[in-house]
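Same chain, two partners: subunit A is paired with subunit B first, then with subunit C.
For the complex of A and B:
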């Protein structure tokens, strides 16, 4: 008893180590590919598609961004970025409005909710095909009429980035946005809005000064969702972009034709944009919170 | 005990901060129907200006719906609400002259205490300097000046209640509506804030209509207790009237401290502290002691009379000690005829 000066240590069961190993594997599987591509994109000029590294350089990035290489990345990159940002804004706006609408009971609200969510079950590629088909049919029917009144040319099709493409992406992001908004509004006590009304706020003032500031953090989440879902979407883009290509489509096509690390440089660039958007937004969010707190204390 | 420091921070309210706009309130057969369900059934009530009125009843009795109809947060299915000389049925909440304090206060979490209090002025378009000045006046009134820059989450429950009060009063209401204002507080604070509410009501002179399910709270606060059950008013009166002369079985049971005793096909209420115990064989009915609970100043003795009626007797500690009983004892139980009240239904 007298020697009991060392503290006893709790023994971990064997399962702890087994599960830790499993988790480590999972993490490797999750981030291994990204890290591999990241490293290989800095391959030397004479290096190939696999290890070993043949020197370290920015050669492939230069080639990619100068447009000298096999990949025309500039315009695809721009298109994807603009489309992603548009989808982001529309997703936030529409989700909030829909969330507000569902805060009131209306006829068929439950059915409408399930219809909106159930569309997520349909395979993306089928949705994409369907949208393309729909646009062709609409073209066949409407184009002659619109031509008559001088709005459109007789031939051509309406498939494109901001017609069918935008629609296809929204069909993917809106159900998610709506789901998040539902969770948010479920937790938002109605008495805040009632208190605002009690204090003389109009519906708009109550939204602008009470509801919006309270749900703002979640809107950032929806915005990120909207952007990233659009930014890397292939399946829904595949049939709906018309004659243009988004970045993921470009990338998919290149995997079969390009045989240089340029494609890795492209992969790294795309990932970098995702990361920048996500962390930029989070940083903005944290700053906003801090400022709000400082202002509250300093006022 | 806990009631001790009512006016711990006696900041004298300044006359100009709150002009007295007290007004009578009248409910004329107001009804609230949700589809087939009737939540409030033709409730009529007159509350004179400057009254502390408690709507008391179990959950689902319609007291909150009644309050919300007065506030304008619930559509009035039928009947009229009159404040002063105005029928306010179709007016928005802010135009009725009422102000509401919500159950968990509903302070806006993203605004500072001062901005919370100034909110209604901002909505009305008052200049920033003016509204902050006025907010400060109100905060001084509830002794919260020091906390103006805090966010609501940085306040205790009692402090939040004061801010909610200041925010509601900033609109110069004629009637303040309080929806279970003390239910978010712990028991100790509840008693303290209860005393504060009463003090503010006295100082401001406007009517407070306070919804609660606690008869203790209602008795401590109210000038006028309105006992509700099943969407209807069971009884209206001062706390003493309602407690000492309950009109119905429901009121007698809900107010507590009463035994409901059937006799000759009628029901009677007898206060628990008016029942006398005696040795078996003496005058009274025979009963068996089923439980004895020590409560400090009093002792609760539960009995079952020979005819099967359960009775609760409250005895002062000294009185109990004079003739102690324990579970299983047989005693004789009775009361003065004057201590027995006939009940309707």
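For the complex of A and C:
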């Protein structure tokens, strides 16, 4: 800020201070409540859901993770993590492919874009119900046929974490991925690719050695969206996970039943994963940008 | 559907068009035409299987019959009749469905107004009062990080603050402003509105901030040079130019709140009705056809709302 004030001679208007105060209040509003449950999750064994703190301990974390408490969290945690990582990888790959496709002219591109935006706007409960119904109908029609040729068992349903659940999450993460790819490719200087072609690079070589390194930092952004949107997803998951539950679904169910700080310990654990991913991603982004700048200088 | 979604998609569509238009002068692609179809196939397949077909399935099932044990293919309008039971009979009271939508509409109005006011102010501060780009990015990140954390946790984090023995009540009691804990702080309309504003203000900040950053600063200088006051510049120059951002943010907030069932459920102590909650309950009782009929009505309401909002601001002219 010091450099800014020396380059600009203007004085700060009075409204600056009022708006700064408003911004500070907004940040307190955003973070304050989460900080409270972060603190309360370290409540002593006899502590309750609200202040005051009855000592400081890891009691509720231990209870949560040992499985002695009211919640069996390990398996839901694992499921959400694996699903999130799968969604992350697929979102990056599919978004990049789609981004490349939209750089060219193809029949139906406008319609496909409309559909992606619609998938973002249609209420998630509607999509979730739709997927559940679709799978029930498909089960009724296809299962007897597949049973005949010995591929599937006669009974049961195909709703599950990596069938309907994965698809439901992708229908939510891919519009974000696609929009980021649009922004990235719009800003991409095409001269580099032309130069690569002039030097005799093949399609694949020009993508692998020219385009990919340039878009890599933004792919990290898409990965961040892919993982965190899946990790915290709940509305589209609600009808599509079959007999299993993801971590957010467990957490939402617990809000009505658990009356101990265990739920705060769970909240803190989930937030810790989110924050590790967010800050890990941001660090990776900054490192990539720095390395690129160093290389540019070295050249 | 195409009509209603025409305008916002213009952004991306025109991006695609631009890419195409440029190919005349500069080639951007040396690959054969069919490669584009292969590259677009995975995303198209995902949307077909997990968005288009589900919506069709919902529409079809909304005409089916159901019993306690099963659902059966049929073409019956009974589900829709059940949804609108008592709505058009001319009796004085509101039917359940209209009352539910009215209750949801109240939250939409409150949350929209508050997120717009807060979101616009925050975006204005970041765009026009913060002078260096790194600082702008840093403060913007501070605002966006909560978006990447769990909504449920951000909801339950209000409990220790707003509960009967919560921090707010304790403080008010200690200062002597009240002599009995306030009951309406948690599991109430107030709690639902507060949580929704807390969760979704960011959806206003991002598009409005984006629009503001695109404003040519010389326009504002020109307004000042022509003798406009700060307020006149705001209402005559800035607000007209950020209309697309306001519209995009509004579409997000309005559609999310209309379809919400989780926040209203948790923060309302499962006592406040919402359309999403009605659908959720019917699904739990395996009454899929009537849940589907409700879902189709909700979808229609959301689409008509978006269409109406696009009528108010012609986003194609604004861009």
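The criterion applied here is as follows: the second predicted complex is superposed on the first by the 265 of 299 C-alpha atoms of A that agree within 3 Å, B and C clash if a C-alpha of one lies under 4 Å from a C-alpha of the other, contacts with A are read in each partner's own complex, and residues count from 1 in each chain.
Just so it is clear, contacts are C-beta pairs under 8 Å (C-beta built on N, C-alpha and C of every residue); 3 or more make two chains touch, one makes a residue touch a chain.
None of the values given here were measured: they were computed from a predicted structure.
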Subunit B versus subunit C as contact partner of A:292, first or second or both or neither: first
Which superposed partner A:194 touches (first subunit B, second subunit C, both, neither): both
Contacts of A:205 with subunit B and subunit C, given as first, second, both or neither: first
More subunit A residues in contact - subunit B or subunit C: C
Subunit B versus subunit C as contact partner of A:214, first or second or both or neither: first
Subunit B and subunit C footprints on subunit A, overlapping residues: 194, 197
Subunit C partner contacts - residues on subunit A that touch it in the complex: 1, 3-5, 8, 13, 15-16, 19-20, 22-23, 26-27, 29-34, 36-37, 40, 49-51, 93-95, 97-98, 100-106, 108-110, 112-119, 121-127, 129-134, 136-137, 164, 167-168, 170-171, 174, 178-179, 182, 185-186, 190, 193-194, 197, 203, 224, 228, 231-232, 234-235, 238-239, 248, 251-252, 255-256, 263-264, 267, 270-271, 274-275, 277-278, 282
Of subunit C, residues touching subunit A in the complex: 1-2, 5, 8-9, 12-13, 15-16, 18-20, 22-23, 26-31, 33, 35-37, 39-40, 42-44, 46-47, 49-55, 57-58, 61, 118, 121-122, 124-126, 129, 131-132, 135, 139, 141-143, 145-146, 148-161, 163, 165-167, 170, 198, 201, 230, 251-252, 255-256, 258-259, 261-262, 266, 270, 276, 279-280, 283, 288, 291-292, 295, 298-299, 302, 306
Residue ranges of subunit B in contact with subunit A within the complex: 71-73, 92-94, 98-100, 102-104, 106, 108-112, 114-115, 119-120, 122-124, 148-151, 167-168, 171
Residue numbers on subunit A that touch subunit B, as the complex places them: 189, 191-192, 194-202, 205, 209-210, 213-214, 292-293, 296-299
